[in-house]
Structure formats: C-alpha cells, structure tokens
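What follows is subunit A paired twice: with subunit B in the first complex and subunit C in the second.
Our next item is the complex of A and B:
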C-alpha cells in the first residue's frame, strides 16, 4: 500500500461509493475502486456500461450524483479538471488542430505555468521517449494515426501528472499498430511509475496491458482483480462471457452424483463446487476456447462428438470450427501442430472439469 | 458517361453560371469603371476621358468625411455585432438542445419583411415622438436626444439589420466545432478563460471573420439606414453615392465613388481572408456530440 502524504495508509487514488444519474438513467451505481501508485488498471466493459462516465468523473469533466473521489488523500470531488493534475488521452486523440505538435505538447505545461526552461526540457523528453523526431513542427492533420496517438499520449504525460486517464486510446488504430502501442504504453507506465487508468471495451487490450482489471456492467462493478485471476477464475457469468473467448453450455447439477450433465449432449463431468443452491440445479457452464481437449472419436472416452467444419490458421494457433450433433458451432483453439486436422475429421470434445466455470443458471 | 453527355454537363455547370456572372456582374462593373472616367453635365453624360471625378473625391473634404464616417460606422457596427453574436450563438449551440434549429430559424424572422419596412418601424421606435421618447416624455423625463436622427440611431438600425447574419455565421461555426476539444484542454489544465482564448476562439476565428465581413461590407455601403435615421450629420458614403445617382444627377462622380468603395472592400476582403484557414478549424470530422 502506498504511504500518502498525510501519513495515513490510504490508497493513492480512492473512488468511494460513486454514483452518477442522468435523469432517470443510472450510468453508475455505488462503485468503489482503490488504485495504487504504480498500478496499471484497466476498466473493461461493453459500450454503455458506464466506463467512460467513470473516467469523466475521475477527470472532473463530470460530477458524481453521490460518492467522493480522493487523490493522494485529498478530496477532489468538487475540483474542476484543471485543478486535479491529471493527464488524459482520448479515443479521437483530440489534438488541437491549429497548433503544431510542439505547441500541442507544450500546452499543458503552459497551462500549469511551468518555467520556460522546464517546458523545453519536457518537450525534449517527450520528443525522445515518444520518438517524435522531425515531427515537432507539423500540424496534427499532417500526421498518421499512430503519430497522432503518440502526440496525444505525450500531451497527457508531459506534466508528469498524478495519474493518466486513457479513454479507448487504441480504438482508432489498426491491429498491427495497436499491438505495438500496447507494449509502448505499458513501458511508459512502468517508466513513470504513475497509475494509468485505461478504459476499453476490448478484453484483449485489458488483459495484455494492465495489472488489474475492473469489469463494469450496467453501471456496476462486476469484478475487480488481478488480470490472471479475472481470466482464470471469473466470479460471475458476465465476466466469464466477456473476458476471454469461451463457449457456453446449459447443464444440470446432480447433487447425488456430484456431476454436471449437459442438456443437449450426452456428456457429464464431476463437479464439487455448486454451493449456492442445495440439491439439483440448472447451471451454465463456460469453457475457454483454448481449454478444449480434442481426441479422435474412436478413442472410446466420453466426450461430445463433433466434426471439423473449418480450420482457421492464426499464426502459432489453430482455430477449429467444430460442428456438433446438436447443430451448434464450437470454436476450439489449439497450438499449431505440423499437420492440422483435416476437414471432416470426427472428434470427441471434452475438458478438464477443473478448467471450466459453472454458475447457477437464471441469475 | 459518354463524351457528348460529359460536354453537355460541363456546359450546364460551368458555362451557364459564367455567362450569368459576366452579364450581371462583370459587365456592369466595367460600365461603372468606364463611367467613372467620364463626366456628367446638366444630367447628361459627356463621353470625354478624364480623371476629374477622382480628383474631386481626393480634394473635396466632404467625401473624405463621409468615407471615414462610414468606415468607423462599419467597424463599430461589425465589432459590436460580433461581440453580441458570440454569447447568443454559444447559448443556442450549447443549451439549445432540440430547439436549436427553431432558435436559429428565429434569427431569420426579421428578414421576412423588407428593409425599408424595418427602418420605418425603427423610426417609429427611436424618433422624437417615437415609442422610447414618447414614454419618457409621458413620464416627465427628458427624451434621449442621441437616438433622434443621429449617427447613434443609424448604428442601432445597422446592428438590427445585420446582427442576424453575424449570429447565424458564428452559430454555424460553433455548431461544427468539436466541443470535446474544450474537454481536452480542460484535462490539460486550462481554466475557462484559457479554454476560450486558446482553443474555442482561435478555432472559430474563420467563421467569426466571415460573419464580421458579412456585416462590415454591407454596412460600409449602407444607404437606406442613414437616410431614414441619420439626421443632418449622418450622411454616410453609401447614402452619398445614392444621392449622386438620384437628386444631384452626378452619375460619373457616383460611379467613381462606387469604384473606390469596391476597391476598398476588395482590399478588406483580401486582408481578412488571410486569416481564414479551414484546415485549422475545430471540425475534426468525427461527428459532434
């Protein structure tokens, strides 16, 4: 835990029981997150989940209907954005079109009244760390998307803010550039040692960059935890569906035999932990696509019989699109072997019971 | 598209407007220039080349006074209109909500009546026994002399006539402005004043300049407003031109005055258009909020 200036053992950034209501619409409801000083936290949610509202509240661009926000122990809930000492990067970059790259980068420094010597130092720093050499005197409309993104990042970082807020900053970039920038952004965060709050609807981005992930759905905090934990042990069906790529099955838990039977397939597996309801219960089963085990159908073991309908090569991985007898399509991801399975191959699909997630149905 | 069809289209879209412009804009202008180098005597045109009209304009102080008076009038009216337009347009864009369109259409309502009609109505408002002074007299107060047939009255009338133009132009500029840029500036540490002076104003400067010119150019040549409201010391340049072509019948001198006005207006347009750069406006092309 970070030791704050006033000596108490408070978290660096504390968001306490925050709510935001627009007329009848509840954008956020009673949401609390604590953020540590050196942390990269991703706020993950589908569009309309309230994640951008949360970011605007942290930035001060909007005020909460209830709840408080603390930076380093101080209550900033009623402070306007320019008094919070934050940096922010927007999805559309929002560079000032009438200013050159240099002027865009100098803008936050000038607004916070830094001495000219410091401004020059920081401009040099931003130019080198973001590799903007030769671009400093261009206007934003003379830059490529990736370059604009780097300038936007630089503008957020030059003041060395208390924290950096990023609102889907990679959504407008193509896939190649996105992967590159993911690594870059994480590197800056480690170098600067300030918290980054990264809002995204893209679970891959959230998982690849952050230390912790907060999943938001319908204005409520659905889950908050280490990224590995969120991925491996989703606490709710929503998280299981939203984080990672998985397949859902309907099933029934039989308390006597302690087994889960799938409804549409003649397949069952032992399961211990459906504790919430006593006795028999309908359940939802989620299996991550890379955790399916594929065996030749004649091997005799229990499994879901299926046929390879298509094979998609994804570099080191292969996606098998499998058709089951119940006319469902299941995607199974496997490491690439010398010779991928041929179309029409009959297989038996199963999984390790400890690797799947079972939730009581109808929640 | 076939070659013949293509040629026909080109003719339609290029030649017809060109012919229109030549007949109704370029030719009259040439006629004006030619006339300005002739003379008029006893209501007749004398076709002898001379620069006498321009010499008269340069040496007769009255015309210089009319021109300077018009220039200051145009500057005051346009600056005042811009200053008043900004809050109005800003309010409509930011808080107009779904009434935005209706509010902006309301600006055009005065245009539904004629200019002369509106000036006569203003005369009724501002004159010695008009609404304002009439009420003041009834209340036993002294009438406001400065709005009775004076340059102030002309100023009020010209603002009334051209303010809607300026508001509409600034409104359109602000409507296309991406206000998320203001949020971005705010997150960069800019206070309200800095957001306005560094972001909102410079990015809407082009629209504002256009609005300013749409007010400045017609005000510079205003003829009707000073005639109805200007009083004895309120003769403006445009009104004087109208007199040359009307009462005094000195058409050639009027033509020379027109040429001077045209050249000066072109100069103003040229200088101000240097300040217009549409690539550097706040329109990101990514949709408004």
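Our next item is the complex of A and C:
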C-alpha cells in the first residue's frame, strides 16, 4: 500500500538499501526508495533524521557505507557528483557571488561543455520561465531573496538534469514568498517532466507540492506513499504526529466492547480495528485538529467538556484554543463562520471514530 | 552651543596633529634615507642638493647586482612555496580540523614566535647534519619558507575563515570537476588572501637578513651585502639600495591596498 506501484518497468531512480554510518552514528539505515520519471517526491523528516544525508548521497557529495544508487538503470554509486548529471538547489542558494545572474546560469552549461548556441538558447529559456527579465546582468547580492531563489532554481534546471535535488530551498524565504514559490516549483516540475526530490522538515511544504511523501525518522524510512494517503492514513504514530497537526490522547482499547476509553476524560468511542495486544491494551489516539466536532455543552451527548480560551483567526479558518478540565490545551480548527464562538463558551468536544487513528502505545 | 562647536573643531585639529606626528615617527627614517640617497652630501643632506650619483654607482657595482638578483630569486621562490604550503594547511585546518582546529592552527602559527637568528642557525646545522647540505640558495629558500609559512597561514586563514566551502559543492553538482571548481569559484573568491600572502612572504624574505645569512655562506643577498658594507662605513650606494628596496616594498603594499579595496567594494555592491 505504501510502496511504489510502477509496474514492470525499472524505476527511473532507484535507491537500494542505502546505509550511511559516521563512526558510531547511523545516519541512514537500509533505506530504499524508487522514484518515477515524472514524480515529485518529498523527503520529510525532523532535523537530524538523515534526510539531508540521503540527498547528499543521491548527489554524490557523500558516499554510502552500503547500498547502491541507480539512475535510469545505470549504477552511479561510485560516480563523483560532477559526472552524475544532476541539478541541486541549496537552502542558502549558494549562488556564485563574483558572477552575474547570466554567468551563474551559464556555469553548469559551460561545465558540461554545451555548444555556445545551446547555451544562449537555454539562458533565454531560463530567463523567461523564471521571469528573470532585467536581472540577468546583476550580481547575486543585488537580488532579493525570492529572486536569488529563482536563479538558484534556474542554475539547477538549465542543463535539464536527470533529476533535481532540492535541500529545503524555501526555508530562508518569508511565508508569502514561500507559498508563491511552492506553486512555481511544482509547475516547473510538471513542465520539465524530470523527478524532483525535495527535502524538507516542513510538512505543509511536503504536502502542498509533492506527489508522494517519504517520511524519514532516525535514519529509517517511516512511511512512503501518496501524499493524501500519508495524510489520511498515517501508518505509524510518528507519521500521525508529524504530518498534519494532530492532538494526541492516551487511551485503552477494550477488545470485548470494541471501544476505546480515554484515560483523562470520561469519553469513549467505538473502534473496530483490533489493537495488536489482547485484553485491555493501552493505545495512543491521534485526532487531526480540523476533525474535531464542537457542540454546545448543554446539547447532551458524549464529549470532552471544554472552554474556549482563545480564538485565532487564520483567514478562512478559525483556531479555537480549548481548555479542558484536565488542564490540557487542545486546538480545534474550524471553517470560519459568520461569528466565531465567544471566549469562555462551554463546549463539548468529540470526533467521528473513523476519522481518528489509534495505535498500540508504549513503542 | 558655540563652545561645543569650537570644542569639536579643536578635537579634530588635535587628532590631525597626532596623526601627523605618528606618521612622522614612522616614516621619517625612511624618507631620510631616500633624501640622503638623492643628495650630493649624503651625510648631512639638508638643505637638499639633488644628485643621482649614488644610483649610478650602484648600477655599475656588480656585487650589488648579484645580490639583488639572488634576493629576488629567494623572495619569489619563498613566497610561492610558503603560500602553497600555507594554503594547504589552511584548507586542512578549516575543512578537516574539526574539534581540534584551533590546536592545529596554533602549531601552524608557532614558528612565528621563533627568533629569526635562531631559525637560521638551527636550520643551517640541521640541514648539514641530516642531509649533509651545504648552505646554498635552495636551503635558504626552504629555511625562509619555514619562517614565512606561519605568516601566510595566518593571513589566509583569516580570509578563508569566511569562505563557504559549500560553494565548491555547489560548483561540483553543476558539473565542475574539483579542479575546475577551485579555479572557477574558490580562487576568484579567495584570491585577495592568496595574493596578500604572496606579497607578505615576498617582502619578508626579501628583507630578511638572518636566515639567509646563515644558510647562504658566501652567496650575497641584498641585506647581507648591505650589512657587510656597513663595516666599511656607510656609503651613498647603500642609501640608494635601501631606497630602492623600500620603494619596491611600498609598491607591493600599494597593490595589497588596492586589492583589499576592490574586494570590499565587491562585497558592498
């Protein structure tokens, strides 16, 4: 369910059982990913999870301790980075400060010994696709962050590489620009039809741009699948916590009544899927913040009683910061209505059992 | 308010005066030598009577010419050798030094504090003992490089400290071989430090008396000829010689200044 399903053809990029060890530290452990030719794949993980190491291994800037990497069927594991025919965009952009935008863009073309006619063609192409008109003769430090980012992207793309590696390219941009660039980057990928491997610790970025998401934790592949699938059906507690914004509850699963009881609240809900352990098993319950149902407390029915402590307006959404009797704070996201609930309103919090995720606890 | 303004002006004047005195203190001996070399009465050249005689005598004196050539060879080779070694040491310390980088750096800078005479004498006896090498130009260049290396290391380390090594990675993933990445990206971004190191090593070894003196034996260099000549009294040729060397050194410093300025301009833009 979470593996690549590209049928009989050999995958365009194959990362097979890659490990990387630094002394005693295991940065990556036995990790395999296949990437299709037209795919945008996001490598998502917290800092120190090994996602950047993976990118450096694909680029050839670092060598794996075990495992092989294939581009289009050819083993490139022992190939130095400048012979791999890749493009790469860095978080700090790393444009060459002593060269103009034009020279920066021409650099990979010159290094790969393209004929002059081709260089001019590609420069024109990059100038128009990245809307760099009028900036070609400037130096990188005369550009804004967003402009530098576009030049960095252009430098990665002008050679039409086998694949483009992106290492948190939007981390240094402000939020508005980031949203804009997310759309742009995805558009370039669809236009060029080459795989993009996008490393990020930002789950929103991963979800907004990619076709598939690979979640990495502690050097291991935690999950790999279509973004919608990863979001709606997280296969592990880590993914449930890391992808999307969720609230976690401790509970117990009663196999006889097929119900989950929350530990700190007088609330239970039916749950069909049998937890792995017999009898009363402790479980973790994750509920996505936008999937809470809020009802007025006097309406009766089961729910966690809580009070509206604060209201955060987020454009089309409202975040309610709710305080429970157990002194926990829960954030519930709702579409913005005419009039948001007032502070101090007493509510009853519940959710549709099929919309939450229950995992055996204590792992 | 008026008092304050006049106070400010006074401070300005005072600081200007201090600056003039400081410069005078630093440059009077040098200017005096230049003056004396151009004068017909070198022992007391004031008021000046200009005369180029000492320069002509210097020009026809073959001992000085040989010495000049030798010094030039030593200075050129030393500056190149110590800069190359210093560059490699800098890269080693900054890229691969890790936690102990400061310790490695301290040991690379260490020879800076060894006196030149000591270095000269000890190099001479060491080369003779171990390699049975008599003093010659090669040993002089090597011994001078030991001394200059630390200066070169410090100059380049100060500049390369700010260099982002990932620039090389950015170049390599663009398809540049490591050698190409160095030539196309790293060298243009760090050349002011490398040039500075070359110039400083050149000036140091051109002017250095002690090291060359012990390692060269009878081969004359500029400083050793000048020193030898002193024993027979100060001659006007010596003034001319000093002035030429000083002008050479100042030209080198001027180049360094211009480089530093253009470098800063590039960063500001």
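The working rule: the second predicted complex is superposed on the first by the 354 of 363 C-alpha atoms of A that agree within 3 Å, B and C clash if a C-alpha of one lies under 4 Å from a C-alpha of the other, contacts with A are read in each partner's own complex, and residues count from 1 in each chain.
Methods note: contacts are C-beta pairs under 8 Å (C-beta built on N, C-alpha and C of every residue); 3 or more make two chains touch, one makes a residue touch a chain.
In this text, all values refer to a predicted model and were calculated from it rather than measured experimentally.
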Judging by the criteria at the top, classify the pair subunit B and subunit C on subunit A as clash or fit. clash
For A:92, using the defined touch cut-off, is the partner it touches subunit B, subunit C, both, or neither? Pick first, second, both or neither. both
Tell me which partner A:82 touches in the superposition: subunit B (first), subunit C (second), both or neither. both
Of the two partner chains, subunit B (first) and subunit C (second), which one does A:201 touch, if any: first, second, both, or neither? neither
Between subunit B (first) and subunit C (second), which, if any, makes contact with A:59: first, second, both or neither? both
Identify the overlap between the subunit B-contacting and the subunit C-contacting residues of subunit A. 59-61, 80-82, 85-88, 90, 92, 94, 96-98, 107-108, 111-112, 139, 141, 155, 159, 165
Where on subunit A is subunit B touching in the complex? 59-61, 80-82, 85-88, 90, 92, 94, 96-98, 107-108, 111-112, 139, 141, 155-156, 159, 165
Complex interface listing, subunit A residues touching subunit C: 59-61, 80-82, 85-88, 90, 92, 94, 96-98, 107-108, 111-112, 139, 141-142, 155, 159, 165
Help me check something: in the complex, which residues belonging to subunit B touch subunit A? 178, 180-181, 183-191, 194, 198-199, 202-203, 277, 279-282, 284, 286
For the complex, which residues does subunit C have touching subunit A? 164, 166-167, 169-178, 180-181, 184-185, 188-189, 266-267, 269
